[in-house]
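What follows is a set of structures to go through.
First chain A sits with chain B, and in the next complex the same chain sits with chain C.
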Partner chain A sequence: MVRLLVALLLIGPVAAGLVGVVLPAFGYFPSIGRTTFGFDAFRELFMWPGFVPSVRLSVTTGLGATVLAVIGASLISAALVGTTSWQRLRVMLGPFLALPHATAAFGLAFIIAPSGLIVRLLAVLFGWDRPPDLVIINDPLGHAMILGLAMKEIPFLLLMIIAALPQSDFDRRLQVSGALGYGRIAGWFLTVWPAIYGQIRLPVYLVLAYSISVVDVAIILGPTTPPPLAVAITRLMNDPDLAMRSKAAAGALVQLGLVMAAFSIWWAVERMCRAFRNGIINGGGRLPSAEVTKPFGKATAYAITAMLIMGIVIAALWSVAGFWGFPDLLPNSFTLRSWARRDALIDAGMETVLIAGAAVVAALLIALSLTYTDRKLPTWLLYAPLIVPQVTFLPGLQTLMLFAGLEAGFFPVLIVHLIFVLPYVLLTFQGASDAWDRRFAVIGAALGRSRVSIFVRLQLPMLIGPLLGALAIGFAVSVGQYLPTLLIGGGRVETLTTEAVALASGGDRRLIGVYAVAQTIAALLPFVIAALLPAIVWRNRKGMTHG
Partner chain B sequence: MAERTLMLDDVRISLGGTELLAVDLTVNAGEVVTIMGPSGSGKSTLLAWLTGNLPSAFAASGRALLGGTDISNLPPEQRRMGILFQDDLLFPHMSVGQNLSFGLRGPDRKSRIADALASVGLEGFEGRDPATLSGGQRSRVALMRMLLSEPKALLLDEPFAKLDAELRGQVRDLVFKHAKNQGLPVLMVTHDVADAEAAGGRVITLRS
Partner chain C sequence: MKSPLLALALIAPTALWAETDPADWDAVVEAAKGQTVYWNAWGGSTATNDFIAWVGDRVEEDFGVILEHVKLTDTADAVTRVLSERDAGKDDDGAIDMIWINGANFASMKEAGLLYGPYAESLPNWAYVDTDGKTVRTDFTVPTDGYESPWAMAQVVFMYDTADMEPVGDMAALLDWTAAHPGRFTYPQPPDFLGTTFLKQALVDLLTDPSVLQEPATDENYAEVAAPLWEWLDALTPNLWRDGTVYPQTGPAQLQLIADQEVDLAISFSPGEASTAIANGQLPDTVRTFVLDKGTIGNASFVTIPYNSGSKEGAMVVADFLMSPEAQAHAQNPDVLGYGTVLDMAKLDDAQRAAFEELDLGIATLSPAELGSVQAEPHPTWMTRIAEDWDARYGVTQ
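Up next is the complex of A and B:
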């Protein structure tokens, strides 16, 4: 029963959204009096001079970010798994994952922009007194965007690798390959990585689908004229002229096609890598030169950590900066004036917390009832709403709401947030929930305790750490949502993320700093609570501290 | 006599149409009956059925009578069927005292918990974190937790398999002694011949 409802919740809006793009894309759009089917919308879309470049950009940035993220995550894990650096990195991964994409993108901009941290360091070194005249952010080839996406997806992939490690038998495989004369890196890629990659394949495809269709990061870091296709679709959807919606719908279907095309390219790349690896194995070469990537893997880990943290630090500095001249590394004066424009900030903050809180409560109830009834959802179902691009089905959902005369606003936004929050909560929690030793329940019943008592007094307290962790991730996922809030909220629901992304084109670094800090707090505070609370409650219980 | 016996009346358990085991057996008060057999012979499945936790893929027929009452269709928590596993399964979020209190039935809770701990040489351990106890101490707490819930029979699922050789004998003797004192019928599943010999009762061997 619960499972059926959840399945409907996860699949229903996606399916409805797909119907809602197919109809207008092929000409049926009664709201503006079109009821005959045809290919006009596609023709209009293809006639747009920016169409081919924007499609090309979507594919190159999406594939580029995914390639970079997979290479980065594999090099980092090859170099670090089992070392103390790995333990330190592990602690950071949760917060890195929780950080909204938009926040990380702004942080990166603060670092690599012509007047950003890196150039200032160089300027101090070489005595420059003005920023170089370079286009680094929003560069026409999308390099900044690729970097921003990869930087944010590597922590996600590393978390997936951590989950896959126990089944990979990595330490013994490394010992055996070492005994056979393979270095650590060669041994990793030839004997351990295949087992890990098999398990993180779905997340990798998720990264690919996401990167190729992303809107907020593209608005902040990506090319503007033309932008990647997903941004162009979003602009059309926000056009006051309703006729643009059918063109947007056609674009949304092209976007779905792009994702599928990218999937087949990736599939072919996987085949080639496998053939390459088999060639090496059959040749028996020990690849001693592979070891040179070791410092590179380590450096990547440090670089990502530094960029994500420094990005927030600089955002925080800008939010309290008075005058901050080039090339000074710190503001010349500090002021709280940027924080004083409070009303919009407080409204957006309240809305953010309200939506995320409600979505997390709903996700909690669903997670609890699944746990109580000892049922779980198939993984493919949880991944389904994450794989179909938001920018494909959300416009359709918006159009259907228009057809049905449904009001945009808080409640629809909440439902759509839940579609993305729930998979992350359940994917995170189900692992711990599965691992709970069912014999505790047998003992509880043998002691004469009812199912409810076992659930409340044994199962829940023992799973409270993972449960809170999963809810914190769910909260952060909601805080970070841009497109669902924008499209389904009909412009009436303004969260920290929609406000922050709207600031991107204005270039008010102080205000961007304020919103980036507010986003970080909203996304990370629940995380800190989820980490600290069990540690405090169970401070006298050693058996509970490992989670 | 019926008051204190565990009777398995023509019990048959099958999986996908294939019969796993068939048992017809009466365990008397204070008696330890050992069931032996290779892994996969359905020993633990029989215990899962007796505690009311048989996975739905299995099918079972026959009755289990505990003190003359048919418990086969009772919910697990009403069966009064105690069980110990090879892991102590102490609840890690509760103190030793809370673990005992969770199972204890009836009044005089504090003094009975204190007495139970004292009877196994763990005076004053109420406030201890189970994770700080030694393996032998944990087994003793697990035994007392089960006994304080006043079961009418005790099932042992390879209960000593994870203890090292020296400890195994001590804990085994302790479990049998307490079960005998309380006049419990005991059904033990094991593949360790030494366990069966120490039990000193009938041994039933299942084929695979």
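Up next is the complex of A and C:
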């Protein structure tokens, strides 16, 4: 029963949204008097001079970011798993994951832009009074965007790798390969990585689908002449001429096709890599040179950590800056003026917390009832709403909602957030829940305890750590949602993220700084609670904390 | 050519009248009490957002109207919303009660019958509006017919850093300057409204006789009239910031570019913007403004009420408050907005007039005399075509 409801919740809106997009794309759009099917919308879309470069950009940035993220995550894990740096990195991963994409993108821009931190340091050193006229941010080939996406996806993949590590038997595999004369890195890539990759494949495809279809990061870091297809679709959706809606719908379907095409490319790349690896294994070479990547993996981990933290620090500085010209490293003066516009900030903050809180409570109830009834959802089902691009099905859903006479506002937004929150909560929690040793339940039952009692007194307390961790991720996912809030909320639901992206268009770095800091706090607070709560609750029961 | 919109207009239900006749102002104020007005207005400028928040406080105080600012990145979002609501048959209590609007968006909403009214000239404060001297009854040559009420006057000025350059007198001189100083100028990317405004301003300045732009563009005359613009842009683009491969996405984004020493010159549609930005620490205090020798384009900003608003009375109260001497003087204060007033000083009493005369317009703001003659906005059809062609010519760089 619960499973059926959850399946409906996850699939229903996506399916409805697809219907709402397919009809106008093929010409059926009664509101503007079109009721005959045809390919006009596609023809118009293909006539747009920016179409081909826009599609090419989506594919290259999406694939580029995914390749970079997978290479980065594999190098970092190869170099660090089992070391003390790995333990330190592990602690940072949750918060890094929680940081909304838009916040991380702003942070990166503050650092690498021609008037950003790096150039300012050089300018002070060499006495420049003007930044170089270099295309770094919004570059037509999307390099800044690839970098920004990869930087955010590497922590996600690392977290997935951590979940996969226990089943990979990595220490014994490394021992054996070490005994056979392979170095750590070579041993990792030839024996451990295949086992891990098998388990993180779906998340990798998720990263690929996300990167190809992303809108907010593309608006902040991506090219504009032309923008990637997902941004172009969002613009078309907003055109006052309603006829543009069918063009947008056609674009949304092309977007779905792009994701499918990228999946097949990735699938082919996977096969090639496998063949390549088998070739190396059969050749018997020990690849001593692979060890040189070890410092590189470590450096990548440090670079990402530094970038994300510096980004937030600079955002915080901008939020209290008076005039801050180039090439000054610090503002001329400090003022709390940007923070003094409290009303809008507090409203948006409350709305953000309310939606995320409600979504997380709903996700919690669903996760608990699934655990209690000992049922699992098929993994593909959880991934379905994450893999279909948001920009494909949300516009259709918005149109259908209007036709059904459903008010835009808090509850529709909550439901749509839940579609994205729930998979992350369940995906992160199910691993720990599966790993729970059933023999505790057997002992409990043998001691005469009821199922409820075992659940409440044994299973839940032991799983409280992972459960809170999963909820924290769910909260952060909700905080970071841009397109669902914008489209389904009908503009009446304002969260920190929609405000921040709206402000990005105005380019007022002080206010962007304020919202970036507020977003960070909203997304990170649950992690702090999740980390502290078990320690407080179980301060007298050390054995429970490793649950 | 906008046949879908025309079709909509033909099948549209006849305009619904509000529950309250705008002429009966006391009844309007009475009905407005307790209503919540969702004002959809562009939210990219901090100063404007603060001003709207102030209006919200004031109308709640005086009239018990709750004002919510729905921050748009593009006014077209709101137009789309009203259109989709009508498609869905949502003819009352729509999501939007008031829109900050002008130009093409107004033209298409009016044409499609999506607006409530006429109401504007029944508002009590309309009596103070400068109907002779300011373009408050036409919007980009389209008659407003009382379907929108004005609340601010805008005129193109150029903000420049006096530490880096001298003012230029016309578009030809601007081109020469960029050739001598490559990479130091850019403009917002069309279809951003300030970006298209820059193109309009260039075209108006380049034509010997810009009066042709007052009539709708036709297939016959468009190519010939627009030709000087393309010739000029072809020469200008290689001299632009980032060689014209990247453009700022909005007007205010240019402020950051000046503060970062990335560019020396930027277009603005608000004579007071530079002074306000200097006061806010967004621009260096060496920035000043200039207008072109032949004058620059000016227009009015309006608010309009969608036909399916559920709080029309509340929206009218806000629209009326925006035209009040109090709100107008507040908006003209450079520490607040620095927007030009729509009122006729001669129609105000001495105390009201004094509030305007006391204002220090700010170090970078030109006086009304220095702003010179205002050029008329071209008919919206010109901009629609020019924006499309711009995208094909310069919007795809690889």
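Please note the rule applied: the second predicted complex is superposed on the first by the 542 of 547 C-alpha atoms of A that agree within 3 Å, B and C clash if a C-alpha of one lies under 4 Å from a C-alpha of the other, contacts with A are read in each partner's own complex, and residues count from 1 in each chain.
We take it that contacts are C-beta pairs under 8 Å (C-beta built on N, C-alpha and C of every residue); 3 or more make two chains touch, one makes a residue touch a chain.
Since we're looking at a predicted model, the values are computed, not measured.
K.L.:
Counting residues of chain A touched by each partner, does chain B or chain C come out ahead?
P.N.:
C
K.L.:
Pick one for A:W86: touches chain B only (first), chain C only (second), both, or neither.
P.N.:
In the superposition, A:W86 contacts neither chain B nor chain C.
K.L.:
Go through the superposed model and pick first if A:M462 touches only chain B, second if only chain C, both, or neither.
P.N.:
After superposition on chain A, A:M462 lies in contact with chain B alone.
K.L.:
Using the superposition on chain A described above, determine whether A:W324 touches chain B (first), chain C (second), both, or neither.
P.N.:
So A:W324 only meets chain C here.
K.L.:
Is A:D437 in contact with chain B, with chain C, with both, or with neither (first, second, both, neither)?
P.N.:
First partner only, chain B.
K.L.:
Now for A:G448: first (chain B), second (chain C), both, or neither, which partner does it touch?
P.N.:
In the superposition, A:G448 contacts chain B only.
K.L.:
Let me test your reading of the model: by the given contact rule, A:F263 touches which partner, first (chain B), second (chain C), both or neither?
P.N.:
After superposing on A, A:F263 lies clear of both chain B and chain C.
K.L.:
Taking the superposition as given, does A:F296 touch the first partner, chain B, the second, chain C, both, or neither?
P.N.:
Touch partners of A:F296: none, neither chain B nor chain C.
K.L.:
Chain A residues touched by both chain B and chain C?
P.N.:
Touching chain B in the first complex and chain C in the second, no residue of chain A appears in both lists.
K.L.:
Using the touch definition from the top, list the residues of chain A that touch chain B in their complex.
P.N.:
437, 439-451, 457-458, 461-462, 538, 540-544
K.L.:
Within the complex, which stretch of chain C touches chain A?
P.N.:
Per the touch definition, chain C meets chain A at residues 2, 4-5, 7-8, 11, 38, 40, 43-46, 49-50, 53, 68-74, 76-81, 83-90, 95-96, 104-105, 108-109, 182-183, 189, 241-243, 245-250, 252-256, 259-262, 280-285, 391-392, 394-398.
K.L.:
Looking at the complex, which residues from chain A come into contact with chain C?
P.N.:
The touching residues are 30-33, 49-50, 53, 114-115, 129-131, 133, 135, 137-141, 219, 223-226, 237-243, 245, 321-327, 332-333, 335, 337, 341, 343-344, 398-399, 402-403, 405, 408, 490-492, 494, 499, 501-503, 505-511.
K.L.:
Could you please specify the touching residues of chain B with respect to chain A in the complex?
P.N.:
Contact set of chain B toward chain A: 48, 51-53, 75-83, 85, 87, 89, 91-93, 102-103, 105, 129-132, 145-146, 149, 151.
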